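Multiple structures are listed underneath, in structure tokens.
Common to both upcoming complexes is chain A, partnered first by chain B, then by chain C.
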Partner chain A sequence: MIKRSGRGRFIFLCAAPATILFLIFMVIPTVNVFRMSLFKRSAYSPTEDFVGLDNFIRLLGDANFIRSMQNTILLIVVVTVITFAFALVFAAILTMEKIKGQNFFRIIFYIPNILSVVVISAIFSAIYDTNNGTLNSLLSLFSGKTVAILWKGESMVMISLIIAMVWQAIGYYMVMYMASMSSVSQSLYESASLDGAGRIVSFFQITLPLIWTNIRTTLTFFIISTINMAFLFVKAMTSGGPNGASEVALSYMYKQAYTNSTYGYGMAIGALVFLFSFGLSALVNAVTKRETLEF
Partner chain B sequence: MSMKKAISFLLAAVMAAGSSVTAMAAEGDVLKVAAIETAYGSEMWQEVCDAFTAQTGIEVELITDKNLEDVIGASMKAGDFPDVIHLATGREDALTETFIKDQNIVDLTDVLSMTVPGEEAVVSDKIAGGFTETSLTNPYGDGKTYLAPMFYSPCGLFYNAGLFEEKGWEIPATWDEMWALGDKAKEEGISLFTYPTTGYFDAFFYALMYSVGGPEFFNQATNYAEGIWETPEAQKCFDIVAKLAEYTEPTTPAQANDQDFTKNQQLVLDNKALFMPNGTWIVGEMAEAPRAEGFKWGMTALPAVEEGGDGYSYTWFEQAWIPGGAQNQDGAKQFLAYLYSDAACEIFAKAGAIQPVLNISEKLEGDNQMFYGIYDSGAKAAMGNFAAFSPIEGLDNRTVWFDPVNSLVSGTMTEQEWIDGIISASDQMRANLIQ
Partner chain C sequence: MEHKGRSSGERLYKIFIYVVLILLAVTIIVPVAWVFMASIKQNSEFYGNPWALPAGVYLQNFADAWNKARMGEYMINSVLVTVLALAILLAVALPAAYVLSRFAFRGRKALNVAFMAGLFINVNYIVVPIFLMLVDGDMFLRKIFGAGFLLNNVVVLAVVYAATALPFTIYLLSGYFATLPHDYEEAAYIDGAGYGTTMIKIIFPMAQPSIITVILFNFLSFWNEYIIAMTLLSDPKGAKTLPVGLMQLTQAQQAATEYGQLYAGLVLVMLPTLILYICVQKKLTQGMTLGGLKG
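Let's look at the complex of A and B:
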């Protein structure tokens, strides 16, 4: 009996620090966000007025918020699809094929992931420059006439963000997939090739199904991180401009909470984004559910 | 047993830490000053704080940073406020505006009648006329001053005087002459206009409203008077900005963000655009940048609307204020008074920061003499800004009035859409004016 209570106390003591930290730094602030979204208040002032769901109702009619949400969804969908396609293909090429300088490519692809977003935005500021930028210069070289695309102009700014975000993310996911691909047994590929399967068929029939668990996990990671990274990229590269064309949900939330003194309204956006990312992750998880294959 | 011991030890430690913190707070009247570091640098603040300590014996703890809002923001959210904050309105983070909207700043009217430490003069005798009567210093229009006017700078259109000499062009005195010059420059592949970011349109638009309709129109407009945006004066302002958008260098909106705005400023240095709205700090900000041969800074007030009309230059100034939560408000008021002393003004002026005190322009040299002499050469001074309103969800002055200029230039928004947005926002702002 004494032994059992000692064991219980031990488990309690081991779990307590993590639980307490989790409560203080995760649960309470999250609950607070939801609570504050029901008030009209500013970030620095002690007064607050309860307004019920007014903030949420106003949000639904706020054209700028709707645009920022559309931009967020656009980024989640497009950046995810492109990054995953490229990361998978590159990972497959680097693991399956014998290419000279494999490690070199692995490092080159991974480097953007080590760079901070501020550095990346400085790099892309040079790439996207209209008059002397790398991109316009290259296009001019190949097309034979002067190309002056306004990469950060209103019509192109989202595409520019997508390119930068894909460039930044590919390496990380590629390395993840390379790790799981290299654990797929070679004998499977050998027997498939005896059956006449080409490289593309074995990629879809063997590689993809066998690393599916990994893809599922990274997909959920990726959706959540895109929502967060989009904020950093927008803040560093475009400040949400021109005229709000590149505003995303979190940057709009930041503007409302801290620069427009409508903290409660900002928290309402935060609450919606929280529910949205939660729901989306659950949805993705459900849709991608397959029977786990083993070998 | 041992767990109890551990917990009581922990509690005792926390209590000890807590009491030592309160002891520290009670110990001295250390004055906490937070000042934004701008093109003027931060050394001058340290020097002024040292001089203040030498004069009054009050210790000063100084925080300066280029992103001051980020540095002091977190502790302010936790209830720990600096005693004095020096920061300009119109910044991206709009911290000063936040405190004004929340009515969370201390009334400074009594500072004006305080004696400047170390001198015999009263503060109000030192500050130049008009500076403590604007809506920037008296945001609620109740005759009380809440923000102390600091470093002022005439704003206007900056250009390459060397290029104008070389081409034999005249500085336009009216907007009609401006458009004619725009057509002439276009033939040479030079655009008439560019702007760093849309934020720079505030000073521009204020001066424009003054030159179109005079002070009365300006006051009504900045107080969102009913129907004011449908008057011929307002229409004239909108037409000028919309026409200017057509003459704007086409890459401008793509670079009008916090990261690339210097590329727009560079357009003037490279003779790719003639004019940009800016302030005197531009000289220091672009000091290291390459420039066209024979480049010489020039600055002019906004052209008059018609021949013989008034040209206006907006007087931009920064503000120092005391947040409502400041602990040492008496010390803070003394510090503010000291900022207008001869000693402080001299330290600031050495770094190029000009305090709005009487007779300062006599002490200036070089480019600054020309810039600050703009009012002597016929331009009238425009001061003030949009009246404060209690926060409205999803609505602020910059996104309504100035950000759409980017879209006007790229042609994705019509002038009428812009005006419609302003009228609807102005109605909501009027309803929320802080009385």
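Let's look at the complex of A and C:
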């Protein structure tokens, strides 16, 4: 019976610290994003003036914000399509064919995922360097003349970002799909091949439908995470430049809220992107809905 | 005849696969290896052919990075923050996950839903509100004690890291705790053990594999993180973590061209994660299917 009286206290002592930390550093700041988006606050006058939806109205007329949203959407679409196509195909190859050194490839492909985005950005900055960069020197070697492409210039910077982001993401998703593909029964492929189905048919008719649930959830998460990764890469690699050509939604938010100290305006961007990411993942979820297949 | 044609096509396909796989592996290995190579080059060597092997082992780069670029100091900060954050996280998340998954009490469902929802809140959105909260807190403290200590404080940074990692960690640990049969606790209670003793002596040791997974993933994310660190440790002369210091170095490098120091700094950031990865790569790639959806 002593136990009974201690039970409530035990539960409280176990759950309270986590709940308090969660409340202070996650719940309240999240509420604050939305609350502050309705106020005007700057660094030197820490009083808050309620301005209603003014911040949002200003946003819709802000060409820089529109450009940053366009860049974000471009990255979401292109990075997602390339990463998923490559990751699925490579995962299928590595699981289905008898490849020597499978484990070696798996280990190597996962490496970008454990590196800090700062490190990856520094590596790619060195690769992209116009005069001493490895990429231009490689291109010069193959073309026989001096190539001096401005990889981080206004016209190329988004492509350069896409390459770096795909490089970072591919391995992680490949290893993940390999895990789910290896659970597909081998006998399915054998009977399909007896029926005359080739590799490509098997891939589309057996592999993809069977791991569809997995693809669907990862796709939803990937889209949300691309919005965040885009920010990390831009912050470390280009700072949004040159001339805002590589600004993405969250980097623009950070610039407004932190660097410019126009907190209310920045938080309005944050709130909008937050809602955008939820809407987008709901949309993807709805569009990719299929009957679950089980053989 | 037909059989022969098929097998030579088969061989071509195999060769094609190997070529593509090796090419992909090369695009990952070469940039990383190149950084290690560049870190022992003298500054003058950076203006020649980027593919040239280093003329000698120039370890002065590391000494310069360590002292002049303050990387040594940042390294100590990074170790401190990472270890402290992991300790806080485990001390708080383990008991919480335990009671949330194995005890019936009022409000349990609401708490579970709240932590689940926390999985969708990315820290990039709330970093500025957290910063402002600490600014306000410091202002309040200054009024009472004459000094604020919340900003530019590595301990506070560690607490924020731990708090923002809670949803993922609790989700992962609860998933494991929920699979254990209740017999363990009942047997312990019959033997006269209290709730706390049972949890610490019986349940936690069994959860060791999950705890290791939690430590691995969070080590990587804390060690590599730089957005929160950059925001909360804003004093230019104050404490910094390694990735933030490195980012400064990349930005300074564009002006001052201290390439050697930069690459030595890169190696310092990468090396701990690479060593850890080599030791536990199996665990990491297996663990990811467990907590598969970490954005």
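As a working rule, the second predicted complex is superposed on the first by the 264 of 295 C-alpha atoms of A that agree within 3 Å, B and C clash if a C-alpha of one lies under 4 Å from a C-alpha of the other, contacts with A are read in each partner's own complex, and residues count from 1 in each chain.
Keep this in mind: a residue touches a chain if its C-beta (ideal position, glycine included) is under 8 Å from a C-beta of that chain, and two chains touch if they have at least 3 such contacts.
As the structure is a computational prediction, the values presented were derived from the model and not from experiment.
Engineer: For A:F204, decide between first (touching chain B), second (touching chain C), both and neither.
Structural biologist: A:F204 contacts neither chain B nor chain C.
Engineer: Which partner does A:Y258 reach: the first (chain B), the second (chain C), both, or neither?
Structural biologist: A:Y258 contacts both chain B and chain C.
Engineer: Kindly classify A:S225 by the partners it touches after superposition: chain B alone (first), chain C alone (second), both, or neither?
Structural biologist: Second partner only, chain C.
Engineer: A:I11 contacts which: chain B (first), chain C (second), both, neither?
Structural biologist: In the superposition, A:I11 contacts chain C only.
Engineer: On the A-aligned overlay, A:M26 touches which partner chain: chain B = first, chain C = second, or both, or neither?
Structural biologist: second
Engineer: In this superposition, which partner touches a larger number of chain A residues, chain B or chain C?
Structural biologist: The partner with more contacted residues on chain A is C.
Engineer: Where does A:S125 make contact in the superposed view: on chain B (first), on chain C (second), on both, or on neither?
Structural biologist: In the superposition, A:S125 touches chain B and chain C alike.
Engineer: When the two structures are overlaid on chain A, which partner does A:L150 contact: first (chain B), second (chain C), both, or neither?
Structural biologist: first
Engineer: Just chain B (first), just chain C (second), both, or neither: which does A:P242 touch?
Structural biologist: first
Engineer: First (chain B), second (chain C), both or neither: which does A:N55 touch?
Structural biologist: After superposing on A, A:N55 lies in contact with chain B but is clear of chain C.
Engineer: If you lay the two complexes on top of each other, which residues of chain A touch chain B in one and chain C in the other?
Structural biologist: Comparing the two interfaces on chain A, one with chain B and one with chain C, the shared residues are 13, 121-122, 125, 236, 258.
Engineer: Can you tell me which positions in chain A touch chain B when the two form their complex?
Structural biologist: 9, 13, 40, 42-45, 47, 55, 58-59, 62, 64-65, 121-122, 125, 129-131, 148, 150-155, 157, 236-239, 241-244, 256, 258-262, 265
Engineer: Which residues of chain A touch chain C in the complex?
Structural biologist: Per the touch definition, chain A meets chain C at residues 3, 6-8, 10-11, 13-15, 17-19, 21-22, 24-30, 32-33, 36, 46, 90, 93-94, 97, 99, 104-112, 114-119, 121-127, 132-134, 137, 167, 170-172, 175-176, 179-180, 217-218, 221-222, 224-225, 228, 231-232, 235-236, 250, 253-254, 257-258, 263, 266-267, 270, 273-274, 278.
Engineer: Would you pull the chain C residues touching chain A in the complex into a rising list?
Structural biologist: So the residues of chain C in touch with chain A come to 14, 17-18, 21, 24-25, 27-29, 31-32, 34-35, 38, 46-47, 49-51, 91-93, 95-96, 98-100, 103, 105, 111, 114-115, 118, 120-122, 124-133, 136, 139, 159-160, 162-164, 166-167, 170, 189, 194-196, 199, 220, 223-227, 231, 243, 246-247, 250, 262, 266, 269-270, 273-274, 276-277, 281, 284-285, 288-289, 292-293, 295.
Engineer: If you look only at chain B, which of its residues touch chain A in the complex?
Structural biologist: 3, 73, 76-77, 92-94, 97-99, 101-102, 104, 197-198, 250-251, 253-260, 263, 323, 325, 391-396, 399, 403-407, 410, 412-413
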